[in-house]
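Let me give you the structure first, and then I'll get to my questions.
As written, the chain order gives the labels A, B, C and D, with residue 1 at the start of each chain.
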């Protein structure tokens, strides 16, 4: 199958269309991004930098990285397992199964945090058990991790499932008839075929894990220097009228998001090339 | 690249590590080494106050007991913080915007019911009141509560349902109008009128201040006196100024030791000392410097010029918090009725 | 190969590939742990006063008004995103211009930017003192602190869902089909209506639903710009918070359950359509 | 016998894909599974490969119960219709895959793998393309890589699923010849699925004709042509026409004329005769036959084909070598059409 390649706009209408699309992007997405950076630098780069050197900011960065470091690999493994089940096998209730995977997209972040309090809060289902055994979940690291896991759960799976469905299972079947075992097939055939998509999902869920606000806000306890993640630290600074500090921290997150996205797009263009090449049978 | 790979161990290991971390313990908890930790769960506008107080108290605590003390602070909306404590946030002490929120914690058995009589002044080391913040030069000529409902005046106050401070705003307005002819009925229609002049209901006091000062929405902000003073300092010297109305309400942000937590963590001594210290003159000075009205007569006298006198109603005039909450702020209460069918 | 596509009798089609058991088992276990059990806790919560209590909580006029705002504005935002998202996707896929990759990259920004940051930034821009708000204020147009502000924030969070759903389909769109239409003398409007739009419809539908579902639940970026006036610009997630502040867990969970149910039904419907289209071999 | 399939059945929902199929293949034999789509030929092949589990029946190979073995243990070389090459591996890596994934002790040393891959690529005439990726190859080249990859594991049996289905006619023909040559050299029992009767007749030692999950006939190409077992086989193997008549011994009588029955033995009575265009004659001199109008005369390679329509609208075709066409025949003319010999089933 041949697909049309992008071409330079040729007519006035095409130019107008490109202009319209780009202006909309600028208005809706670029402007807020610019606002973050400009406000961060409102009092010069030194003021912005000193906000990032605060001990509370540093501990927030560490906590955020730790939460992401736990959540992202777990969700990547989940994404692979889910995609393997959905894309390589046919079973009843697949629609329901897919919907469950998508569901966290549509749960209000507030609810994504609340559910953990309902489960593990002092008055929750397991509250007295946890208290009895001196295990802390909400208002501590595990709570932050669980809330983040719930929010970022679909990102990797969502990237992998359509691609693996599209690729079908012919290559894996061939590998099996050639004598490859299950894990060998997975690592030598499946994984190389989806590696860019996997990386893409991982990057996206990493950005989301680091940026989640609503859900972690409910389970964090907001203890400065201990359970405040970066987005919560932004809120703290904002509420202290330290706008430069707030936006400086926010631009750290935004910068991170931006780098992630540029990296991701680079990958995407590359792997889209590979994909379309292999599709052109 | 094929055949020799068996990365099963890797994946299992990674997920195992993750799960192990989930089951792991919280970063806080009993102090490690000689450093004792104390968690003060407070509401939003006390950040600067406790930053100063914690530093000084830790120093004094080390001097008197020889032990290091690390005071951890958690700030947020008063109701949200109370809920976090109820749900298991291990606060040694709570310092919230209103007694009602501490009552809620007490009702779950975390704090003994007599908490408010354990420390002087209803367990309130310092007080505040509700004042107005207006634009420089007071262009709308706002002097008192009755000016707030004049045509064309926009009032900024947060949502009393989500903000403890906003409940004091509401009650201050009510207390003013209740003294007018007609009493209760007048108060009701006055408050109703007042909220018709509110264009934005922020969820917290700090958000409302930002809306008023930074976004330049509205003509007058109802704020705690300490918040008004702080925001002039932080945001807009020369942009906004305070107006003291003829009457207001005595805002009492109380403090309490969370009995269940301190008994479990063995931190009762330091927690009680921490709260008692709030009444000492050095702490009262810090409070005064942060815009709170000290309860110590000596310190109050020293800062008298900063805190003009005005007629203050108290929460007791409303029959206590439980009653006020039920009548005004609970679902279906007067506040809800204000918005019904508007 | 047609045989493999015929009707199934068993729960799962047997396959020569190994690992369905462990993979499906792990997926299900993980889903239970991270999604289902927590949601069960939510769903179990609002019934302590029976169905009456639940009904009381969700039928309150203020709750209904907030649901109306949340779902209504989300619909409008998702609809706007379908139109603008299609234009943006078209421009990104079909035209080559400097900065194209960068433009492509920032589409995902709303996925990655912390919602609270987005909310603060949007408020700063659209408040009467802001860059855009300042331009609109003299014209008497208010954006921040009105439902329009909510709409802007929802458009912001929803745009990537539409673009990312449509983009792969448009990229893979068979040139021959379009050229065939062209050689058959179809005008560009006819090609759009008759050939391109029908092919993009499933993807647009998916994008619409995802954007809609996300917008309904959105809190962080909306709350700063919404104004939060009851009956006007108060969103349902805020009411959940409000209920919680009053220690009304059952009421909060009731609204949460209702929103969840509505989103779930929407997603389920879309996935069913999607699977149907995949089985039929249409681009999904 | 090297392969023995007994009574194989497989049901998908309410459709029977295989309905009691039994067949045998001798060592080194080249067997074609021929049938229209949905006839069960692919299912049968996949059941032999171990990709489908039949509901009932047995598959034995050299005395081993194949159904108890995984596809891996069966060690059959399978060539897929759409090649299923590993897109991220070079040609060389693709071919070597089956050797490289063997457990340590039975994996050949690197040099030997390289050597074998080189030999296989030479066999399929792809030497020089070792470092290419599948996306850089033509369809025919890809299919040859797939073949080499399947042969690399020294399969006990070679199975091909419509191997030339996606290729154009010229490439198909080339590959057919190559496949036959490779089969002759490797001597491995080979089964291939096709819906193209020419391909089956051209390549196979024996052809298995499948229809609706059942075997219609097994036989050598010659047997199939001379003695088709059913109307289905007869029709599937080439163009034909039908004519109703009355069986009388070894003859069938039509309206005013008769024709000999090749497969005689039917009891006297009404029956339908089937016959080929090239066993049909056209008469322009008023002898009895089916009265037809000649519509068109088409050149079809070395032969000419006359398309005729009877008065009640049925289509008949008659083929002649170029010098045997009745000189008076031309489009629009009337003629009477007669089969030279017929089959009755």
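Here is the rule we go by: a residue touches a chain if its C-beta (ideal position, glycine included) is under 8 Å from a C-beta of that chain, and two chains touch if they have at least 3 such contacts.
If you're wondering where the values come from, they're calculated on a predicted model, not measured in any experiment.
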{"item": "Longest centre-to-centre distance from subunit B, chain (CA-based)", "value": "D"}
{"item": "B-C against A-B, pair bridged by the larger set of C-beta contacts", "value": "A-B"}
{"item": "For subunit A paired with subunit B, centre-to-centre distance based on mean C-alpha positions, whole Å", "value": "34"}
{"item": "Separation of subunit C from subunit D, taking each centre as the mean of its C-alpha atoms, in whole Å", "value": "52"}
{"item": "Two or more partner chains touched - positions in subunit C", "value": "8, 16, 124, 241, 244"}
{"item": "Touching two or more other chains - residues of subunit B", "value": "2-3, 86, 207, 214"}
{"item": "Two or more partner chains touched - positions in subunit A", "value": "74, 77, 124, 146, 173, 176-177, 180-181, 184, 188, 238"}
{"item": "Residue ranges of subunit D touching subunit A (in the complex, touch as defined)", "value": "49-51, 71-72, 75-78, 80, 82-88, 97-98, 101-102, 133-135, 139, 142, 149-150, 152-153, 166"}
{"item": "Interface residues, subunit A side, partner subunit C - complex", "value": "1-4, 6-9, 14, 17-18, 20-22, 24-25, 27-33, 35-36, 39, 74, 77-78, 80-82, 84-85, 88-92, 94-96, 98-111, 114-116, 118-119, 124-125, 146, 149-150, 153, 162, 165, 169, 172-173, 176-177, 181-182, 185-186, 204, 207-208, 210-214, 230-231, 234-235, 238, 246-247, 250, 253-254, 256-258, 260-262, 264-266, 268-269, 272, 276"}
{"item": "Subunit C residues touching subunit B - in the complex, by the definition given at the top", "value": "60-62, 123-124, 127-130, 144-145, 223-224, 227-231, 234, 238, 241-242, 244-248, 251"}
{"item": "Touching residues (chain side subunit D, partner subunit C) in the complex", "value": "11-15, 17, 37-38, 40, 42-43, 50-53, 70-71, 81"}
{"item": "Residues of subunit B touching subunit C in the complex", "value": "77, 79-80, 82-83, 86, 104, 159, 161-162, 198-203, 207, 211, 214-217, 329-331, 336, 339-342"}
